[in-house]
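Below: one structure, written as structure tokens.
Naming follows writing order (A, B, C and D), and every chain is counted from residue 1.
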């Protein structure tokens, strides 16, 4: 077979092409196929109870960080507690979404104050808030406290300020709240059990 | 719940009525599926809508919202007329044989003693006949015409299947099928559980609906047994706890009650509540009321509560009337309330008749909200377009919004619906400057106390003397508070049988309420929680889930009140001789050898009272037995009677067509001015019922992205027939309006909402889920309670959210 | 040097080479996605995703320019009786026994049939290619159509590749052909031998 | 040998067998539709575990939300109101998502080596880092499952929580399911569990209750218990007898090697023709004349 000049070039081109392909690292090795890394491997586990309904499901909360001094704990995952006799690790759609409750963009981060007639919130310190609220409560109580009724019976009640307590707060909070509310003589006092 | 979540697996039949357990309590509903899978249990769902509970039921039948007493009354009639009751149980453990006072009567829908002007009853005739010995007169043969059995039989004879069907709209054959299934459980080795929730409570006659359900269960002998009971599926994680702790206008901790104005005498106050037994040999556990009361006052006021000052009796506020949330908003609306504190409560969304609530809040001088989330209530003054169209400039209320921690950021205990107190642990710091509720309450209180110390003021004694021995006064720790409500000995507590024997040393935690004393030697913030934190440590944090008897009792898991009992009234699971009715589900039994009751549960009974002593199982009742006849405990009568909702599509009560007084609940409290806000069927022809969806939790999860994703936008559900009449297709926007306002939402047109035949006319139902509002990450929507009427149950004042009238149109 | 005859204008040649280069790229990238044995070819295009991104654009360029070319040439590719006669003697043609073949115009029967096959394949490739083009068009078509399209696309591509193999080989095999597409001219002898009717037309001889 | 063995049994666009020496117990997820309350906990758990967040959509007059699978929703509930028996309404709620076919059409169709793998335990997993975004998996899937991300143009679907299974945990949706409608274990155990459920359903009047484990795709590692096993299409159009489309089988089956071979042969034919017949050259004199 006679190889012409042009044919020679053609063969060379193919050879160069082939070797450069090899140089590019063609025929790659088997691409890695691994499962996603297990995200809880070194997370800290804390037990809690679901804050929603009264089934009282046990929760496992996983947070980043090992509680070392310089690590700021961040909850990264919440799932059911398999040891819990009622939920046995299961959760409902609300419980399943608790992570986004903890991290809701609508979580409040600082005390705020709205002045009469104002259209907006202004930040306020805790101390300012407590001082102002206590002042308003005391003024109202001192003015409207009913020590005796029209029959002269001792009644010691304060009904011009009321309170609604949170039935999702703990017993400890509830107990303290009740103790405080009654010591003030409050009667206009309910919790969600009413509705 | 009389029983508990896991115990549902022991049942043979589940009746879900007045609730929607699969959607509202999915993880508790699991135990229904377990009962179905492992005991071949059947599930009946009776509901105005074909719910997701109905989707997995064995039998579903519809009912018109608000007609449950008629349905259950019909079941009672069926059981009595077919004699399908648990005879031995009913005879020994209920008041069937008790004779009722002769002047008690019932005529055309109204019980004796009614005062139409006051809309209330003089209940003096509602009682048992008391003999010369001070005990109730009985007729064990049940033949006496005034015995409860005969009275009840007569009362419910009117609730025939035809009557039930025409009031409820339930097809008669469906109703009879439900009756037949329920009647099967009158056998002593069969049981039924009833699971209900706000579908029963949120009616103007809600308490009586629940009572009727309880009566059915008593007739069948299903109370106190494993797999039975009346199981209220409570809404919030600690709504049980807050009720137990008495955070309601008229309560003290542990279901003790505040005195009324007239109760000026301490001894009389206690005597009225420390019931004496009404039958021989009965325990009447409330006779210990004084011990509970004094211990609470010692916990609150410490050394300042003395025998001399009647344990600070006068420091308790006295009630001239109830101050439930409806009454308070009524007062607020009248300008009688100046300040309001909403701790984790969002009344603008959750109280009825938004326009009234919003207007009332605007009359406050100051409002304090304490919440982890930005609630609608905290922004009631802000204009949010069509969803909250107010003018901030006209609202002069000062508002404080205080950020609190959420569950993940605090330690503490919650009481589940099973009455189990469970401890939880903090996992992370709160965002920003948020503080725990305890810190916030302490912050406000300590400032107030400081002011009273400095300036004096109105009756400062209880404020200045409130016990506050917390190690960090500004942050009472959950551990300290838990120990305080569980109780401790202030002096050595000795055995009453042997005064030399010291049961608890001074300063030690108490083991339980049996150790409480009324001499000031014990302090216990909440007697029913007593024993939650003993010298052994925090029992609420116990995590041993072993179930040695295999019926799900797990006695070493956390701590249940009372005294770690898991099934209430469990003595009733045994026959009078102390043998379990169904040995395969044994809770307790009498062991003659040891002379004690014992088994898989803590006996809810005097542990050493032998069967032959004749003590009956219902030890909290002075009768010792369960009451079919409610005596004077209910506002509208000793026997539940069907009344129409305040707003009803029917002009008359079909049971009493001629008596307008007996149309709606004659004892329901309606404020002046609210009558006009009620709509009539001519303008508002459709029955509306509001409810929760499984994807959301009240008004919280619209702030939660994951939940907003799976149920993003407000909608209403209507049946195909109504949709066709109105030319509405699924996905159209509709306006639902009541006489109090309107909402606009997407229409879900479904076969699951059926048109009912009620008293010969068609009644359409409109279903409105509650979860939307003008704050949150889900699509904004109208507050559903814009529509609801400002009226509550006659006993509890729980608003009538479940049945009222609306009109509907395509937008 | 013998006299040359202009066979393709510069414009026509450019058009052809655009199509040819696009074809090579489309074929290489297409093969890379067709059979794992060719997946290494994705490296020529910057990896798998880039191959997937580029292939349809290359294909679109190829189809566009091919259509332009076909519009130019389709009239010359009408089959005549002489073409059929020529096709009947294809064996002789292959064995280089060219004596006595009918006189042909600018294209022979083989070229013409190939032309029409290419037109058909191109249209199929274009249509099916659009249907499966992620992410721009594919989401708008039902899955059954995607399934039909992927198969048609592969089939049309296969036929096209085979056709092009024949086309390229013929150009190599028939000496003096390639310059028609490089320089634009062929020798008179080439023209006279292979396309005598066209030769006469061009030269008037 | 364990449930969690993640040896790869098959990988996309790979012509030689993957290592087979180690065996594994095939796993399966069983979804008992008769126990499903449609609460969507599985949807939420799936998103939460896999760090996905779908869009907050809108209500279009039905309970289904999100309305369809997406790169952010690897499972959705599909609600169907049917009356199989006149007057007896049933609300059939099916959790839709990847079925993890024993003979996965997606894997067959995929041209990118290692973008789709099947583990020895039966899990079919997408490895997006190898995905080229061609969309062929869509054509291969008889259940219409894979979805493209608008952000990265890669295909996503349920992984059966291969990361959880790899460390011995059940998938997130299984763990969360409040009624136990979703269970997980060895495929053998799941079939046994299903038999018990079917017997229970038959006792409750569902004469045609059956297991859905379609053999057209070699069986699946996600199976359903259906009350109406004879009518799977009642459950939001669950295919009655699914199989990988014959077109796709043809394309990615015989066509792939044969057509490649055809091209090679054509080239070789040219080469041998050239070698044997030689070039077609115009005679010198012709050229000169």
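We adopt the following convention: contacts are C-beta pairs under 8 Å (C-beta built on N, C-alpha and C of every residue); 3 or more make two chains touch, one makes a residue touch a chain.
What you see is a predicted model; the values in this text were computed from it and never measured.
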{"item": "Taking each chain's C-alpha mean as its centre, the one farthest from subunit D", "value": "B"}
{"item": "Chain occupying the most central position, where position means C-alpha average", "value": "A"}
{"item": "Distance from subunit D to subunit B - Cα centre to Cα centre, in angstrom", "value": "48"}
{"item": "Where subunit C and subunit D are represented by their mean Cα positions, the distance between them in whole Å", "value": "39"}
{"item": "Geometric centre distance via CA averages, subunit D-subunit A, whole Å", "value": "35"}
{"item": "Subunit A and subunit B, separation of their C-alpha mean positions in angstrom", "value": "28"}
{"item": "For subunit A, residues that touch 2 or more chains besides their own", "value": "28, 78, 80, 87, 90-93, 95-97, 99-100"}
{"item": "Residues within subunit B bordering two or more other chains", "value": "26-27, 30, 694-695, 705-707, 710, 777"}
{"item": "Sites on subunit D at which at least two other chains make contact", "value": "14, 39-41, 43-44, 48, 113, 130, 178, 180"}
{"item": "Of subunit C, residues touching subunit D in the complex", "value": "2, 31-39, 42, 47-49, 51-53, 94-96, 98, 132, 134-135, 138-139, 143-144, 146-148, 150-151, 154-155, 158, 161-162, 165-166, 169, 172-176, 187-190, 192-194"}
{"item": "Residue ranges of subunit A in contact with subunit B within the complex", "value": "44, 46-59, 61, 63, 72-75, 78, 80, 83-88, 90-102, 104-119, 121, 124, 126, 129-138, 140-142, 144-145, 147, 149, 151, 153-195"}
{"item": "Residues on subunit A engaged by subunit D in the complex (per definition of touch)", "value": "1, 28, 30-39, 77-80, 82, 87, 89-93, 95-97, 99-100"}
{"item": "Footprint of subunit B on subunit D - complex, ascending", "value": "34-41, 43-44, 47-48, 53-63, 65-66, 73, 81, 83, 89-93, 178-181, 197, 200, 203-204"}
{"item": "Complex interface listing, subunit D residues touching subunit A", "value": "6, 8, 11, 14, 39-41, 43-45, 48-49, 113-114, 117, 125, 127, 129-130, 159, 162-164, 166-167, 172, 175-178, 180, 275"}
